[in-house]
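You will see chain A twice below: alongside chain B first, and alongside chain C after that.
Coming up: the complex of A and B.
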């Protein structure tokens, strides 16, 4: 039996390909339904190719070889003989599952950048606005600014506009940056209809789009927009104000590397210094009998996740990987690189901050406190700064802020964040909160 | 930078305290660390300043003085590190005779150890499990934020003319004719006739570089951190089994739980001890035992969520006493290490002992029990 952690595109593709070789597969996922964040959102808003997920979800439900465990939050993992045991919580009860082989497809979460006002009500991630729409049928606001960078802003903005909101898109990067990646565009002609789909939706829905700008402040229903350079530093401050009751702001995605970190899978940094897993050409992680596919090996979108997941599923069953699948992954990887080149997130956002701007919202640690931990107390890295200020120690365990804290610290010390520090900051021993009662009751014997 | 009078290796709380004490005695001190401030065991510490867990003997004498020195250090440096005499409560689950005997011995040696019956105990800790009928209250037990303490102490040393160089890994301890004269580091050579080895679990390595020997080994300890909760716990509360475990040399894992609340509302659960090497791997079973023991003390904690767990490595010597004093073979090389789980509490006291010895002035206690020479004698 193989355990697949995650039921997004990568996980479903892995389950499908492993089951096609006659292997028993258990897919374990935190959500009540399969599809992962990406497909769940797209299906909700009937975005481009949103029905592509149907075949995979049908497989998940109907293939007798595939078991689907829903609503399961894996909180820890341990090595067990030559396999692994996952400990998970389901409706408040702890359960365990073990297998010799594991495929991790743990996905990613939105990256947030702080700006004055980002912790006030009305500011959320694009993913959050999508979830409200899908999960609760709630349009987040009447006038919504979708700000940040990357193609994910498009489905969110068009979905919100379709549901009746006034929507503006403030994209930080220039579309001309795509000219840096001609090969990736040539090899992925399928992306043009997708672009046209959104472009026509934007025209039809009268969504105003600005490039090279960002929301750099939000107060009492007014979003202040500044012109920014490609590194996000301010070119011209506060060029206009937009009245908006919601600002949906997202700066790409950060892979969720917690579980693989617990299992000792080697990590590395991508071109944006984001922590991702190292995998070989069959998606094998450094730890024995673990495969990793999808966003956790580098942000690349659903197409790449599908290819990687299919390869991981085949490899885990000891099957041959068809050349066509390898080629597909290669072209999607090229496209993923082009995405990164087109939508970089530089450190210039630190210019948006005021002294009192909160960086860590769980522990309410301000920009000034982090600067002081460096200048006054001698912190030279994010870990030490965290010990002094408590930044990153709250409920989210640094998922939202730790990347930003280390960028602030390195901006203050004028030293680049070291590779080992980036890697160390991503490692957490507990993948999800667990109550002390449930934890203690799980004692062996 | 002029040549310092003394070099302190290690910018944890033990090294920082030494640097401050030597600076206040008129020496110019250079502190170096292979990382930054508090980057070793201090950074994984709970901030315990305890007298309650010490048996009568030299370590208790040191702990009592050191506890007072913490408050003097706060006056000297400023109120920056959350120092608080929150008090400890030790409870006995079944048979309280060992605890009562310990408390009575401690009282004879100057510890304020107040026996409390069931009603007083539950006044002190209203959420304690009702099955606990007796305990001992130790008002002297205190608490600090050790990372902030080390940082502010080093800042004070710098403001008084000392220096701190981070990311300087010692590659060689320079010794000539059995006298130390400096260190070679990844950031250059520094010369001084006095070198203080305050490197905690790495102290043995530094001693070996000087051609000497120090039997310091690491012991792993876990701390669990919960989400912020209402104030359920008012003191440092532990099971009397903990005191037995502290003195244990059994290599198997033993856990007994110390539970306390913090200013930020999170609850810390600590004090598992396990003798292993520098193995950073997590062990879910240890987390489970700590959680089970904490909830058996305070059932209300069952519904509190665990957010994270971390571990550090405590430096310990074979006889579980700290190593404080001049090296048996190398003149001018001083050690302040091997404080095990008590390094935060014992830091300023150890610093005072070393400073007094270096200056040749009388000290508050006879420190021969802590002498590094005790291991050399065992070998012969």
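Coming up: the complex of A and C.
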């Protein structure tokens, strides 16, 4: 039996390809339904080619070789003989499952940047707005500003507008940056109809789009838009106000590397200094009998995740990887690199902050407190600043703020964030909080 | 999404559709504020919406620190703002 952690595109592709070779597969996922964060289907709202998911979800439900464990939060993992044991919480009860081989497809979550007003009700991530809409049938607001950078803003904005909201897109980068990546565009001709799909939806739904701008402040239902440079520093402050009850803001994605980190899988930094897993040509991680596919090996979208997942599933069953699948992964990886080139996230956002702007949402630590921990208490890195201020020590374990705290400390000390600090900031001893009572009961049982 | 579920939030009665999360059902009812923060007593709502950020934690049937964005509503569920 093979355990696949995660039921998004990569996990579903891995399960399908492993089962096609006659192998028993258990897919374990935290959501009540399969599909992951990208393929959510409670309502009829759909993105470009999201009908692709139907075949995979059908496989998940109907293939007798595939078992699907839902609503299960894997909170820790450990080595067991030549395999692994995963400990998970399901409806408040601690359970475990073990297998010789594991495929990790733990996905990613929205990267966010702080700005004055970002903690007020109404500011959320594009992923949050998407999940409300597609997962729960709720339109986040009446007038929604979708801001940040990257192609994910497009399906979110068009889906919200289709559901009746007034929507504006504020994209920080210029589309002309795509000229930096001619080969990736040439090798991915399928991306042009996708772009046209969204472009025509934007025109049809009368969505206003601005480039080279960002929402740099939000209060009392008003989003203030500033002109920004490609490093996100301010070119011209407050050029325009938009009345909005929701600001959906996201700056690309951060892979969830916690579980693989606990199991000792080697990690590295991508060109954005984002922590990702190192995998070989067959998606094998450095730790024995672990494969990793999808966003956790580098942000690349559903197409790349499907190719990587299929390869991981085949490799885990000892099967040959067809050349066509390797070629597909290569072209999608080139496209993923082009995405990074086109939608960089520079450090200029620190110009948006006020002294009192909260950086760590859980522990309510302000920009000024972090600066003071460096200038007055002598903190030289985020770890030391965290010990003085508690930034990153709340319930989310620094998933939201740790990277931003590192950047603020580095902006104050004028020393670049070290590789080891980046790696350490993305890793945590447990994958989700668990109460000692449940933990105690679990061990006793 | 036909089945209607009724639940309580800070003592008041609300209804939502079967399969909706606590946060989604409350936002659909116009209740955006899910809790106040410990130190600044600032209102907080849903933020990441996928169980990462813990901004939306509430007490559900007496169990504290439950993520309102992940847990589905059920009949007679008692949801309270955590502090």
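The rule is short, and it goes like this: the second predicted complex is superposed on the first by the 439 of 445 C-alpha atoms of A that agree within 3 Å, B and C clash if a C-alpha of one lies under 4 Å from a C-alpha of the other, contacts with A are read in each partner's own complex, and residues count from 1 in each chain.
The working rule: contacts are C-beta pairs under 8 Å (C-beta built on N, C-alpha and C of every residue); 3 or more make two chains touch, one makes a residue touch a chain.
It should be emphasised that the depicted structure is a prediction, and the values quoted were computed from it without experimental measurement.
> Under the superposition described at the top, does placing chain B and chain C together on chain A give a clash or a fit?
Superposition check on chain A shows chain B and chain C fit without a clash.
> Could you tell me if A:395 is touching chain B, chain C, both of them or neither one (first, second, both, neither)?
Both partners, chain B and chain C.
> When the two structures are overlaid on chain A, which partner does A:262 contact: first (chain B), second (chain C), both, or neither?
First partner only.
> Taking the superposition as given, does A:361 touch the first partner, chain B, the second, chain C, both, or neither?
second
> Please work out whether A:433 is in contact with chain B alone, chain C alone, both, or neither, and reply first, second, both or neither.
both
> Once chain A of both complexes is superposed, is A:408 in touch with chain B (first), chain C (second), both, or neither?
neither
> For the superposed three-chain arrangement, provide the angle chain B-chain A-chain C between C-alpha centres, rounded in steps of 10 degrees.
For this superposition the angle at chain A equals 80 degrees.
> Contact-wise, after the overlay, does A:170 reach chain B, chain C, both or neither (first, second, both, neither)?
So A:170 meets neither chain B nor chain C here.
> Per the contact definition in the header, classify A:387: touching chain B only (first), chain C only (second), both, or neither.
The first partner, chain B, only.
> Just how close are chain B and chain C at their nearest CA atoms in the overlay, in Å?
Superposed model gives a least chain B-chain C C-alpha distance of 6 Å.
> Hey, what residues of chain A end up touching chain B and chain C alike?
394-395, 433
> If you look only at chain B, which of its residues touch chain A in the complex?
By the definition above, chain B touches chain A via 36-39, 43, 147-148, 151-152, 154-155, 164, 166-167, 224-228, 264, 266, 269, 281-282, 284-285, 287-289, 291-296, 301-310.
> State the interface residues of chain A toward chain C in the complex, per the touch definition above.
30, 32, 37, 42-43, 73, 92, 109-110, 112, 119-125, 127-132, 135-138, 140, 256, 361-362, 364, 394-396, 399-400, 433
> Would you mind writing out the residues of chain A in touch with chain B in their complex?
Counting only chain A, the residues touching chain B are 76, 78, 87, 262, 264, 363, 376-381, 383-384, 387-388, 390, 393-395, 397, 428-430, 433-437, 439-444.
> Sort out for me which residues of chain C touch chain A in the complex.
Within the complex, chain C contacts chain A at residues 1, 17, 19-21, 23-25, 27-28, 32-33, 37-40, 42-55, 57, 63, 65, 69-70, 72.
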